[in-house]
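Have a look at the structure that comes next, please.
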Amino acid sequence: MNNNAIVTKDLTKRFGDFTATNAITFEVGQGEIFGFLGANGAGKTTAMRMLCGLLKPSSGEAKVAGYDIYTQTEQIKKRIGYMSQKFSLYEDLTVKENIRFYGGIYGLSNRQIKEKTRQLLARLQLEKEAGHLVSSLPLGWKQKLSFSIAVLHDPSIVFLDEPTGGVDPITRRQFWDLIYESADKGVTIFVTTHYMDEAEYCNRISIMVDGKIKALDTPSGLKKQYNAGSMNDVFLQLARAKS
Amino acid sequence: MQPIIVENIHKSFGDVKALHDISFTIGEGELFGLIGPDGAGKSTLFRILATLLLADEGNAKVNGRDVVKEYRTIRREVGYMPGRFSLYQDLTIEENLNFFATIFNTTVEENYELIKEIYEQIAPFAKRPAGKLSGGMKQKLALCCALVHKPKVLFLDEPTTGVDPVSRKEFWDMLQRLKTKGIPILVSTPYMDEAVLCDRVALIQKGAIMQINTPANIVAGFGMPVWAMKAKNIYRLIHDLRAFKGVLSCYAFGEYLHVTLDTELDDVKAYLAPLGHEALEIKPAAPGIEDAFMQLMQEQNELT
Amino acid sequence: MKQFFVFVRKECYHIFRDKRTLLILFGMPLVLIVLFGFAITNEIHHVQIAVLDQSRDSYSQRLVQKMTASRYFTVNRYLSGEKDIEPAFRQGDVKMVMVIPNRFAHDFFHEKKAAIQLLTDASDPNTATTLINYANSMIMQYQQELTGELKLPLTISGEVQMVYNPSLKGVFLFVPGVMTLILMLVSAMMTSITITREKELGTMEILLVSPLKPVMIIAGKVIPYIVLSFLIALIILAMGAWVFAMPVKGSLLLLLLECILFGLTALSLGILISSVTNSQQTAMMISLMGLMLPTILLSGFVFPLESMPKALQVVANAIPAKWFNIILKDVMLKGMGLRQVWMPTLILCGMTVFFLAVSIRKFKIRLS
């Protein structure tokens, strides 16, 4: 249990008389790729914000990277990476400047930043574009760069909020290659997506409906349980059931 | 008469070529999909057809009317839902709908038949401001607003982007029903799996159309067998396969990998055998639109 | 026509549902008037002066008495020599030093000409100018008393102000100023923001594709703001009248018409701004930097235009607020009619037509 990257117990957040997340309980192991699915407004974002230490829960417990989300948010923030489709990089800074900036935020030394920048550019084959403004890159490259920067400081968990929206199918897979690579190194991946085929790439998936976790298992386990051919069917069955 | 005719459209913004030599036609009552990622030029094409942008070259006709000369008439006749359209957040569902009905010189009652099915789903929330609706409900309201004046052609630019799978499915069901009413629909989407729901699709990437055909024909034209493979450690399997010379492409597809080969399957099996993959599974797979798209993308990349 | 009506109604919904902006729009005039009226005042009231009386006779003493008898000046100290002048200023409370030369009375009666030196702290040039004007007019009065029957024409500019604003109330100058400022803000900034908001939302694309004519879109968006700015102008006038007993000497009808005219000028500027920008943020920055600042600085509302460099005075001619400020002062304080204010009125009309023409030319029936 202590080795788990994320542990939550009855985690709840209420806004007024609206319960956004309703007593969710789950564990995510270190190095696991955990898919966090749900319809729009099911409470995914709220749950993710609590885990990142941005929102105080109304009740329940949770530990992220071994730190309590009520009292140790500062430590948590140092141990996690975060990337979303909306906020990723500064468009008016160059690739290199963005890497430098985020490296600086997480307190990497100049030598570390230099070394990491070299590795990162080589890995993404972006050496030639290092001095280009981020705004001039295609969307897919931005997303890959953005992910690489999110794991620049070697976090133990990285939160990805719909990281591949609108990206072409090849780049989307290259993006998942990066995710696999990080998970292989022991980084825990916590990801939300609207692409159901991507859900299948995860080790385990939870599906949220109306603030509650309605299902949690491996993709094949869920398909068996719901007697469905694809994750899309599982998702439709679950989300439909509410109404 | 073809409701939409597009001929050799070019459009650049500065140095960026947004659209390159785009041509296609859409027939009566056809549901035509523009499938491609963000930045492929889909929205630019929509704006040209909706008379909001002028093409650099080429011409286009909507309902037999020229998009440049007869823009006023076209504007009365099309229903357009822009990609970033988000309605008036501070107006209620009812107010939004009434507003758009009136500015198109009609009333909600007059064409209620057309939007009835969709509107009934959101009617219980009629007094709620649009800003407080869920993504799926917003899309439904936006579709109602685009339909309220009984357009002769419907342009929907990425109506399902950022919407969850349930709402997406509902939205496509609505489009199928609209199609039966004889309205030609041009719809764009970055989700490849939605392509099969269209009558015909144009696969678009980097401002150029790679192929136009029915989804079935596109898949049939894939032209080589696809193998689905999986193992316990999928990441290692990807690496091993990509390292093998006989593997043309290897991409993750759901829980399996889709692999194409320019050698015999037995060679691959022989290659993998000593690598000790647990729970290795290999079986033939049916290629999908996404396989085709990626194949075409690779061809396009090799050309440029 | 129904379309148009519906459009205006929709715009009103936007305005009335945005409670915070509404509160700011109506609250700001109140706050500004109170601020300018009570707190930030440039009235002359018990200003500390120092006197270096080298003459020390009854005439010079009477002059000093006359100065202090008014509420305007208080003698802070008497200096013993010229070397004390600078320290007096440096200590800070003394704003003006009056030097009465030796043989003051003698020179006056025998040479028919006596000099009095007034030294002011010009680090605050506006106050300095005002102080000199006040002091000058008082010295003139004194001179008149001394010469008795001798008639002297009153030609000092300070006198002009005192005639129309006898109690020298700063608030009388600020009410027109605040009115100019608020009308500019509501009309120009709010319209440019509301139009660019539609662009950001993507609703502008739908409106353009609809059969609505661009002119209708623009008119529908601005008409509620014309009404709003007119209401605010009324509130400011009412506040001026009730709280500060500010007179409207001229025709109230003319005044209100002029307010509407200026509202239109500002609206046309707002439309112009929105036609060259696509984001609310840029529209706001342009309105603030390009309209508000010049309105505050160059309209003659805070800083007198007369004391500005020639170049700036020329630039100020292009600021609509300058002309409106002139109209307001002339109509409210001097009771002038259209016959006297026809020129600034005509200039404002010209500007409005010009801005509208440019923005109609600039307004795109397409997106680019």
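Just so it is clear, A, B and C label the chains in written order, and each chain counts residues from 1 on its own.
By definition in this document, a contact is a pair of C-beta atoms (placed from the backbone, for glycine too) under 8 Å apart; a residue touches a chain by one contact, two chains touch by 3 or more.
Predicted model, so just to flag it, every value in this text is computed and none were measured.
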item: Contact graph of the chains (line, ring, star, complete, other); value: line
item: Of all other chains, the one whose Cα centre sits farthest from chain A; value: C
item: Separation of chain B from chain C, taking each centre as the mean of its C-alpha atoms, in whole Å; value: 58
item: Whole-Å separation of chain centres (CA-atom averages), chain A against chain C; value: 56
item: Chain A-chain B separation of Cα centroids, rounded to whole Å; value: 26
item: Contacts with 2+ other chains: residues of chain C; value: none
item: Contacts with 2+ other chains: residues of chain A; value: none
item: Sites on chain C touched by chain B in the complex; value: 2-3, 6-7, 10, 13-14, 17-18, 201-203, 205-212, 365-368
item: Contacting residues of chain A [partner chain B, same complex]; value: 38-42, 138-140, 162, 165-171, 173, 176-177, 180-181, 183-184, 194-197, 200-201, 219-220, 230-232, 235-236, 239-240
item: Residue ranges of chain B in contact with chain C within the complex; value: 47, 50-54, 71-72, 75-76, 78, 80, 82-91, 95, 98-100, 102-105, 145-146
item: Residue ranges of chain B touching chain A (in the complex, touch as defined); value: 36-40, 134-136, 161-169, 190-193, 205, 234-235, 238, 251-255, 290, 293-294, 297-298
